[in-house]
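Two complexes are shown next, each including chain A; its partner changes from chain B in the first to chain C in the second.
Let's look at the complex of A and B:
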């Protein structure tokens, strides 16, 4: 599909137009806080693309942290109205890939989750390639790229005051059809490659998976989680984590059945009604999370559920670094299966 | 949203039966408010559904009725807020139900074979569904000998007393009832834990399938007995109950490694379970 160049003014006009037709979400500086987050905008002026990534990923725009499944009043219940059309502008390739993973999970694997699908069908993804990685970025190590297009309709690369626009889907191509043709120089093409060069080398995730396949009982798990306080921040910030709880909120006959993000790091997450808990220990819960990222989802949907965004590293109050965990597991787990 | 799997269908409580002396086990017979929904609700013994009370919540329970029965039956133990609300329901009340979810007991594999059913406590529900299904006169000739060992703490805690008393004298099923401690009640006559009674009954493993459902401790002690009787891991099936919120493999809660109890189970063969983390 034809690439175009969009000037900053051109992008500003597009954002204003899109905002008239539906919601536009983009990274915005969070008040006096030193970070950006996805907020609804009506003009490009409100946005701030200066950070590599937003504090939280964009996953909440498709899988809200709190979502109404049913509303009820006096014993009668009804489904919520269909979500509105939305454009997510400035999503990084890692986060877009994470939503593509979630889409595979929520819309495949048997039953389709209609809430996620309704939002997905009404969302346009406009990504921003990364020109400079953050210290905690490792998308290249887990199969991603700072200019990856997975999950996107259109990828923008900042080429100094203007944007190289690369359509990924027909939907993306239509967005920029009226823009002038580009004169793409080699210099511009190389921006993304330069970024990738600064990033970590790929890890052999297939070998790690083989080690994890037979490593469930290995003593390496006895020490990996010692610093973990089971706060669950890693799971809430993780753009691929999809677990939720369902609960009813009711007052005077009115209320809603809602779902809220949940975390496998919480003790009660797996606790049976009888009180029995298959993952009673913090060790078993930490192991479940790591196994899920690098083994279980590979078995389930054929891919890792880590996109290398680095948020769990930045925000872990105990300083746990998933890159170190992977390194320790790769070093200590034997590759050959230990048969019982 | 068409076909929203989270949307409960309206069901009416037709009958409430107190099952045990402790009065914390009740069976609910449910009918669909929209009668055509009953035809659409096709299930196989071993599957489960979610019961829902708007404003209170929902929870999963194994279906205790057989597919041929008019009402959908669930037996529920009162353990927390939601089950307490269920226990307070009067006949005539309309609640919600969604499902059926999960796989089922391996009925196809059981064709032409002996069937050994092992159950403890109130987990007997989906096995009741299975037994009623197998004992249907049209279906009974398709299976060999049916042996069942079912135990509870005391006689008063055994479920479906009228039915199991009838089965005790039936030649279609060899039923062994047992209690942890014999009371003054002359019924049943066998004292002992389920795995020990199973050992004494010693059903043949030749061309046989075993179905097991019970508390984790019973499962743990039952397997060695089945193994000693010659049952291969491929021929032993367990029904599991992990915490779950969605029933369709999305919410994450019930995973055993790469499998979800809700979607890939709740029935697993012992050989399948040996390849999965024992997180149940």
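Let's look at the complex of A and C:
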């Protein structure tokens, strides 16, 4: 599909136009705080693309932390109205890939989650390629790229006051059909390559998976989990984590069925109605998270559930670094024979 | 010998002589400016121990995870020692099974800035310890350098508005609870499910119930180490709640948590002379 060039003014006009037709979400500086968050905007002026990643990923725009599934009153229930059309502008390639992963999970296993699907169908993803990685970025180690297009409709690359726009889908191409063709050669690729060069080498995730396949009871887990405090910060900030809990809130015959994010790090997550809890210990919960990222989702939907955004590294109150965890596991777990 | 060298030497000696089975301390994390709790069981691993301005984790709570192993040595700055005292009084730790390696603390930094709790800290040195490594930190130096953050100067409405704004950012990851050395209930009230006591959503009302109830549970026990505020990924100053509670406990009962070895926790004591103006 034809690449185009968009000037800053051109992008500003587009944003204003899109905001008239639906919601536009983009990174915005979070008040007095030193980070950015996806917020609804009506003009490009409100946005701030200076950070590599937003504090929270964009996952909440398709899978909100708190979502009303239905409301009920006197024995009758009512489903919420269809979500509005939305444009997510300035999503990084890692976060977009994470939503593509979630789409596989929510819609690709013979079951379709109607709430996620309704939002996905009404969302346009406009990505921002990364020109400079953060210290904690490692998308290149887990199969991603700072200029990856997975999950996107359109990828923008900042080429100094202007943006090179690369359509990924017809929807993306239509957005920029009126823009001029670029006179610039392979600048975008060069910028992305330069960024990728600064990032870590790929992890042999297939070998790691084979190690994890037979490493469930290995004593390495006894040491690895000790520093972990079992909070859910990593899971809630993770762009691929997708677990939820459903509760009914009811008072005098009226109420709502609500789903909220849940975290495998919480003791109640795996507690059965009988009171039995198969993951009673901090050790087993920590192991579950690592296993989930690098083994379980590979078994379930055929891919890792880590996109290398680095949020868990930045925010872990115990200073745990998943790159280090992977390194220790690769070093200590014996590699099982490859299954035929 | 620097303090860090002394720390490593003593840790190694204690492990080699089998006086302790583990040394709980800090080691450098992979990202700059961050430390990670370290659980050292082999004498040769003592080399990874550090103690500097990045070591903001209160290690007292981590002791509860490893106390079953035997006698533990723990690197202890002022606030850690206060938490240990609270845990001893609450019968969660056994003093005979602890070897406290005291260190004077010059304050913990986050992103190069002195943590709020360290600005107001009156106890940079351990209240209780078996040996001091290095020199004690000067007592009130930090306070005189930095003004105390304002608390309790607002009207009730203003305070509610401010706290609502803060708490509305909460994502209920419970990092505050999990890093708190004095939050150790086997089942937290927010995790109770039969029946559920608190809504699990991020609605303001649910978030507020969680934070207010937690603050009340901490009253008279919180040692104001500030771990919760530093742990919060959403930058909520959770110490606003805890500072206020500590201030009230001090005013009404003249008790400061974890600064004396022999007093009882403020809210476990009934004194007929307590002010009881709420009973009419």
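The definition used in the following text is that the second predicted complex is superposed on the first by the 330 of 340 C-alpha atoms of A that agree within 3 Å, B and C clash if a C-alpha of one lies under 4 Å from a C-alpha of the other, contacts with A are read in each partner's own complex, and residues count from 1 in each chain.
Simple rule for what comes next: a residue touches a chain if its C-beta (ideal position, glycine included) is under 8 Å from a C-beta of that chain, and two chains touch if they have at least 3 such contacts.
Remember, it's a predicted structure, so these values are computed and weren't measured experimentally.
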item: Joint occupancy of chain A by chain B and chain C, clash or fit; value: fit
item: Chain B versus chain C as contact partner of A:161, first or second or both or neither; value: neither
item: Touched partner set for A:55, first chain B, second chain C, both or neither; value: second
item: Touched partner set for A:264, first chain B, second chain C, both or neither; value: first
item: Touched partner set for A:219, first chain B, second chain C, both or neither; value: neither
item: First, second, both or neither for A:295, with chain B first and chain C second; value: first
item: Which superposed partner A:245 touches (first chain B, second chain C, both, neither); value: both
item: Which superposed partner A:70 touches (first chain B, second chain C, both, neither); value: first
item: Shortest CA-CA distance in Å separating chain B from chain C in the superposed model; value: 5
item: Footprint overlap on chain A, where chain B in one structure and chain C in the other make contact; value: 245, 247, 271
item: Chain A-touching residues of chain B, taken from the complex the two chains share; value: 1-7, 54-59, 79-80, 83, 94, 215-216, 241-243, 245-246, 248-253, 255, 257-258, 263, 277-280
item: Residue ranges of chain C in contact with chain A within the complex; value: 29-32, 34-39, 57, 61-62, 65-66, 111, 171-175, 177-179, 187, 191, 193, 196, 199-203, 227, 230-231, 233-235
item: Touching residues on chain A, where the partner in the complex is chain C; value: 33-35, 55-56, 65-66, 135-136, 223, 226-227, 229-233, 235-237, 245, 247, 249, 258, 260, 263, 266-268, 271, 282, 313-315, 317-321, 323-324
item: In the complex, chain A residues that touch chain B; value: 69-70, 72, 75, 77, 79, 105-106, 109-115, 118, 216, 242-248, 250, 253, 255, 257, 259, 262, 264, 269-274, 276, 278-279, 284, 288, 291-292, 295-297, 299-300
